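Several structures are given next for inspection.
Two complexes are shown next, each including chain A; its partner changes from chain B in the first to chain C in the second.
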Partner chain A sequence: MTDVAGDLTPRGGHATRAAAATAVQPGATGQATAWSVAPGPRGRGASSNQWRQRLEIAFFVAPALLLFVVFVVVPVVQAARYSVFKWNGLGPLDDFVGLQNYLTALGDQIFQRAVTNNLTIAVLSIAIQLPIGLLIALLLNRKFKGQTAMRVIVFVPYVLAEVVAGVVWKLMMQPEGALNAFLESVGLGGLTQLWLGDPDVAMVTVMLVLTWKYVGLAIVLLLAGLQGVPEELHEAAQIDGASWWQTQRKITVPLLGPTIRTWMFLSMIGSLQLFDMVWILTKGGPDNASVTMATYLIKVGTDRNQYGYASAVAIILFVISFVLATLFQSLVLNRDTGDDKSAKRRKKVAR
Partner chain B sequence: MKRTAALRAVALGAAVAMIATACSSTSGTDEPTEGAGEAVTLTWWHNSNTGAGKDYYDQLADEFEGDHPGVTVEVTALQHEDMLTKLSAAFQTGDHPDVFMERGGGELKEHVEAGLVKDITDDAADTISALGGSVAGWQVEGQTYSLPFSLGVVGFWYNKSMFAQAGITETPTTMDELYSAIDALKAVNIEPISVGAGSAWPAAHYWYYYALRQCSQDVLNEATQTLEFTDDCWLRAGESLEELVSKQPFNSGFLGTEAQGTPESASGLLANRKVAMELAGHWEPGVMQGLTDDEQGLGEDTGWFAFPAVEGGEGDPAAQLGGGDAWACAEDAPAVCVDFLEFMLSADVQKGFAELDMGLPTLPSATAFVAAPELAQLLAVRNEAPYIQLYFDTAFGVNIGNAMNDAIVTVFSGSGTPQGIVDATVAAAATE
Partner chain C sequence: MTSVINQPTRRTSPARSGGGRRRGVSPWVYVASVLIAAVTLAPVLYSVLSGFRTNGQLGANPVALPNPWVFDNYIGVITSGSFWRYAVNSLIIAGVTTALVVIAGVMAAYPLARYRFKGRQALFNVFVMGLLFPLTVAIIPLLLMVRDLGLTNSYWGVALPQAAFALPMTIVILRPFLMALPNELEEASMLDGASRIGFFWRILLPLSGPGMVTTGVLAFVGSWNGYLLPLLFLNDPGLKTLPLGVADFSTEHSADTAGVLAFTSLAVIPALVFFLTMQKRIVSGLQGAVKG
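Our next item is the complex of A and B:
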């Protein structure tokens, strides 16, 4: 039952373009191999049937594959090519500079700050959103009046378009904006800040808004995972005299493991590629305080017509995301797909 | 079983959706191609996309079509930032308009090197000589590539009633006078100056002006050519800026403030009477009008004064920082394109342009028709300036310019130094 929730989460969480792409890709190729291998042993007698199946596969897979190649593979290869040239976007690619663009980027203090900021956001997002998400999900999983309404309200920030939410926050966080006015009016005047104009505060501001925006996703995914925790286990625990708190800690949270890990994966990838919210709130400023790899790419790369350099930064961003994603996949998510997992889990539950 | 059925349904749905998008995207690229015929079509992009300015340009296009049978002028009016973005994309794909706006400096040089702009030195010789010195910013190696139609200078726009409230009777002409104006405004609880440091270039204009005041014209010209900043006047420019920043004259949160566009932007703060002044170009009255409810901007309270003199500087105190817009033809545009440029710079067209306050006309005969008093005052300062330095970021091109602007912002935030500005600029120049 937990597997269902685990299966559903990647499809439900098209949080980022990368997530969508990775969700599409294994699906497409997985289907293709599974189906083309299966009819093999049945022999050549069923060749017309086999051809029909192949046609079917081609018919269903080709459009997705084509889109994937044209919009993902080709741009990545192009970026890799541009990244070894110095190119201002005009005229031919004829100034080959080798790895110079990569060396410049890696040696640039602001890019280093961008990488640090991305990693900080990735770690803090999980550290902050996981406890909040878990608590609210557990709360919303109890039966009470207005449960559905509460679930919708909690999820609303995530559904709002990023740009709309960003612009509204930006307006509220102006020096004379609603947020400071609110703090003053409830007697917390000491907490008023130049939310977007103070280099020391900007990252805090970005984290606040990101938490507000994305904790809804964590809650919904965890709620979905909670549906997969069998009711009987709770009943059994209750009979054994476990308190509500003990039940959650010993039964619910361990059973939520796969969901939590999948959410962590999505959150991490989203944090590494973070662009839109930061761009709207601060443009990576003030004074590069909240710069991320993606805003750096736009500001120092494309805004300065340094398309070769921008491509090199994009490739570095790609490599960092790819390596971290693979590491996470093999070290953490593997536990959920390994063969021995069901046996282990049964043991855990039985304990 | 139920699950696989559901999965199949989902897969089918997804496949159908993908086919649908695939089909629609191919049909979307099916652009109508231009019908081949004797008729010539001129495509023209401009940025007067609202009100009387847009109507005026539409009317000019009709007039030109009337005078030149067989010529169709296809006008596209775009919001300024949109136009710049689309233009830069258009130049990369080769699908660019015949007539477009050039801002001179490094950007024009790049376009010339890439063979995108028509050399009009001989074809438009008469108009070029009528425009005189204004054309200088649009020449590359002695050849002229576009005709400037508006040329403005940067100065302080201020709120007259706020200055009166603070007891400031004379507008500042030296830095010391500016400092005492700042103190006087602070004394009556008015934030003295708004600056859009979040957008970088409005903050950079301060350093540009200090460089203009500290460095002699020879040093400036040499730096624009050689990209070397060895003279210590460049450092003194940064020190002057540090001194101004240390007086804390700027609106609260200025590091996150944008240049224009919203009521909280630097221009919006001035227009909505939250601050007393702002350093900005000739576009400011128009920008402010769009940022207030009554569309009047500061109205009667709008005042202007030139950037003050800096004591001990080697630059001419009357020299101004400025820039402008010019019309250019694409290299592959039809020959009639040059006629269109000359038509746009004819006395009548420039007169109408001036009367509508669309900009500051470059043709000397048209300058008398500028209606708004503060703009007329600005125009007088422009015409008396011994030389007008093009905004450094435009002059050096977007790569060096943006690196320089970002470094200037670090001085505003207190994390950078005058030497840092020079270093960042030299480092970016090395990547050219």
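Our next item is the complex of A and C:
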């Protein structure tokens, strides 16, 4: 089970893995043993104790389990069931079509475009945000006046609702809007675009806004990772005559490896599920240029009431996320926890 | 795991943030900082300042300071009932979601952390699996289920699914937190004759305050900013949340750019201030979920 927990976790990979590991060696982390049932000598007392414990566990877990089963597990299972029917949400679920919905989706050009767009966004988000995030994190890790204020400022876009940020950007990106006016006024008139209206530009626009919105998360996580890099290393490197830049490149960045890989994972999963921002900015348009799997799903589900078909799309979205998450876990994240030595080194560094 | 638990309380003391040179900082650091701050804050400042302008001013020059400053847009929003209704709806839904998540989460995390029983890991894994399922995957069946339960156009119809989807993260963060509380506390309270439930109420709950605040803030932010569920489940204008209200207002009044920006600014600034004061909690929560 430990493996399952580790491998299947998209957002909390490390936490879970570590939690699972601690559970395997209870002594090490000091499990609660005071009340644990002692079977044997006490005979009947022990078994009534055991029942008491079971009741307590049931009492504590019941609300969470109920909520989780009713509103997460059941709907996901239902999605899988609906996906093999042709169904408009009303009337009996009796038009069984097998895998037809899946074949239709996979053969649909707009859906193919959605998948391509999601994958492009996932790759570009990492390729663009990582260097920017790293540079800014290294900058903000230096001591200077206003450092604290800057750390708060870079976090602003991340805590804004996607909808709210999207509405403001949408207004700024009108043809006669602030962005084009600004570009004109600083002499970059050649860069003005129909940001949201031109099918060739829409994806660039979405990437631009997403970078603005999410680079703060990378910065904040990397800054936290940087706190784990011991200062002695920098001092030693400086004594050896390394420049600030050399120290960062040869010492700091390699030590940030685990943080970077975990952030990449979070970013990838987020990109595959992107909905709010695109829905507000372009609704997937113009001409489906910026469609994502989630906007496609909502469109076919709610506009056209094709609940069976939309469920098949949902399952495909899940399978793609799952496969990529698992691949990423085994190919990239395992480097962190793969062999004990590197894991131990990381623990030490983290302290 | 201990390091994770310590994160929430650890201050970002300047001494720890390595890499800083004690010698003078090059002016480029300041130039770069100003640039970064400008790009980061530009949309927010644009929105707030444009709210003080007229559409005429905006049309004549989209990027300029208000001249003269006009308060009509903001006054119009503040005196309109709908803005306050949206804000109250958002508060109620986020509040109910947070309460549900934190209560159910800490209750479930307690036996998962401190009882020893067969199937404990399996039960934990059931919740962990929840991290795998994005809301989008379940949205269509949820829509139908909420309709069948008669919860469409009710606070519960949004709060219950939101809480359910926030639960896995909450339990994943809270369990190691509860595990780290020292055993001696439990032994001492047992010697004093407390039951395990008494221990939970009197000792564990007060001590897990920081963990509950962190997970609570994460759940609150998620719910407050949430769009997909309110979009599909709340059609009644009287029940709309702020994100939904902002989106609708911007399409209904698309010609009134200044009005939309005033509305958006008012919707965002109080929450922004609150979230930024809670930044440490949010970051430590994210870190707790990220590192082992």
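FYI, the second predicted complex is superposed on the first by the 273 of 351 C-alpha atoms of A that agree within 3 Å, B and C clash if a C-alpha of one lies under 4 Å from a C-alpha of the other, contacts with A are read in each partner's own complex, and residues count from 1 in each chain.
We adopt the following convention: contacts are C-beta pairs under 8 Å (C-beta built on N, C-alpha and C of every residue); 3 or more make two chains touch, one makes a residue touch a chain.
Remember, predicted model here, so these are calculated numbers, not experimental data.
Chemist: With both complexes superposed on chain A, which partner does A:K283 reach: first (chain B), second (chain C), both or neither?
Modeler: first
Chemist: Would you sort A:L67 into first (chain B), second (chain C), both or neither based on which partner it touches?
Modeler: In the superposition, A:L67 contacts both chain B and chain C.
Chemist: For A:V154 in the superposed arrangement: first (chain B), second (chain C), both or neither?
Modeler: Only chain C; A:V154 stays clear of chain B.
Chemist: What is the contact status of A:G89 with respect to chain B (first) and chain C (second): first, second, both, or neither?
Modeler: In the superposition, A:G89 contacts both chain B and chain C.
Chemist: Using the touch definition from the top, say if A:A181 reaches chain B (first), chain C (second), both or neither.
Modeler: In the superposition, A:A181 touches chain C alone.
Chemist: Which partner, chain B or chain C, touches the larger number of chain A residues?
Modeler: C
Chemist: Between chain B (first) and chain C (second), which does A:L191 come into contact with in this model arrangement: first, second, both, or neither?
Modeler: neither
Chemist: Give one of first, second, both or neither to describe whether A:L171 is in contact with chain B, with chain C, with both, or with none.
Modeler: both
Chemist: Which chain A residues lie in the overlap of the chain B contact set and the chain C contact set?
Modeler: In the superposed arrangement, which is not itself an observed complex, chain A uses residues 4, 31, 60, 63-64, 67, 89, 171, 177 for both chain B and chain C.
Chemist: Which of the residues in chain B end up touching chain A in this complex?
Modeler: Where chain B meets chain A, its residues are 3, 11, 14-15, 18-19, 21-22, 88, 91-92, 110-111, 113-116, 197-198, 251-257, 264, 397-399, 402-403, 406, 409-410, 412-413, 415, 431.
Chemist: Write out the stretch or stretches of chain A touching chain B in their complex.
Modeler: 4, 31, 60, 63-64, 66-67, 86, 88-91, 104, 171, 174-175, 177, 194, 196-199, 202, 282-283, 285-288, 299-300, 303-306, 309
Chemist: Under the touch definition given earlier, write down the residues of chain C that touch chain A in their complex.
Modeler: Going by the criterion above, the answer is residues 1, 3-4, 7, 12, 14-22, 25, 29-30, 32-33, 36-37, 39-41, 43-44, 46-47, 50, 59, 61-63, 100, 103-105, 107-108, 110-117, 120-134, 136-145, 160-161, 163-165, 167-169, 171-173, 175-176, 179-180, 182-183, 186-187, 190, 196-197, 200, 221, 224-225, 227-228, 232, 242-244, 246-247, 250, 257, 260-261, 264, 267-268, 271-272, 275-276, 279, 282-283, 286-292.
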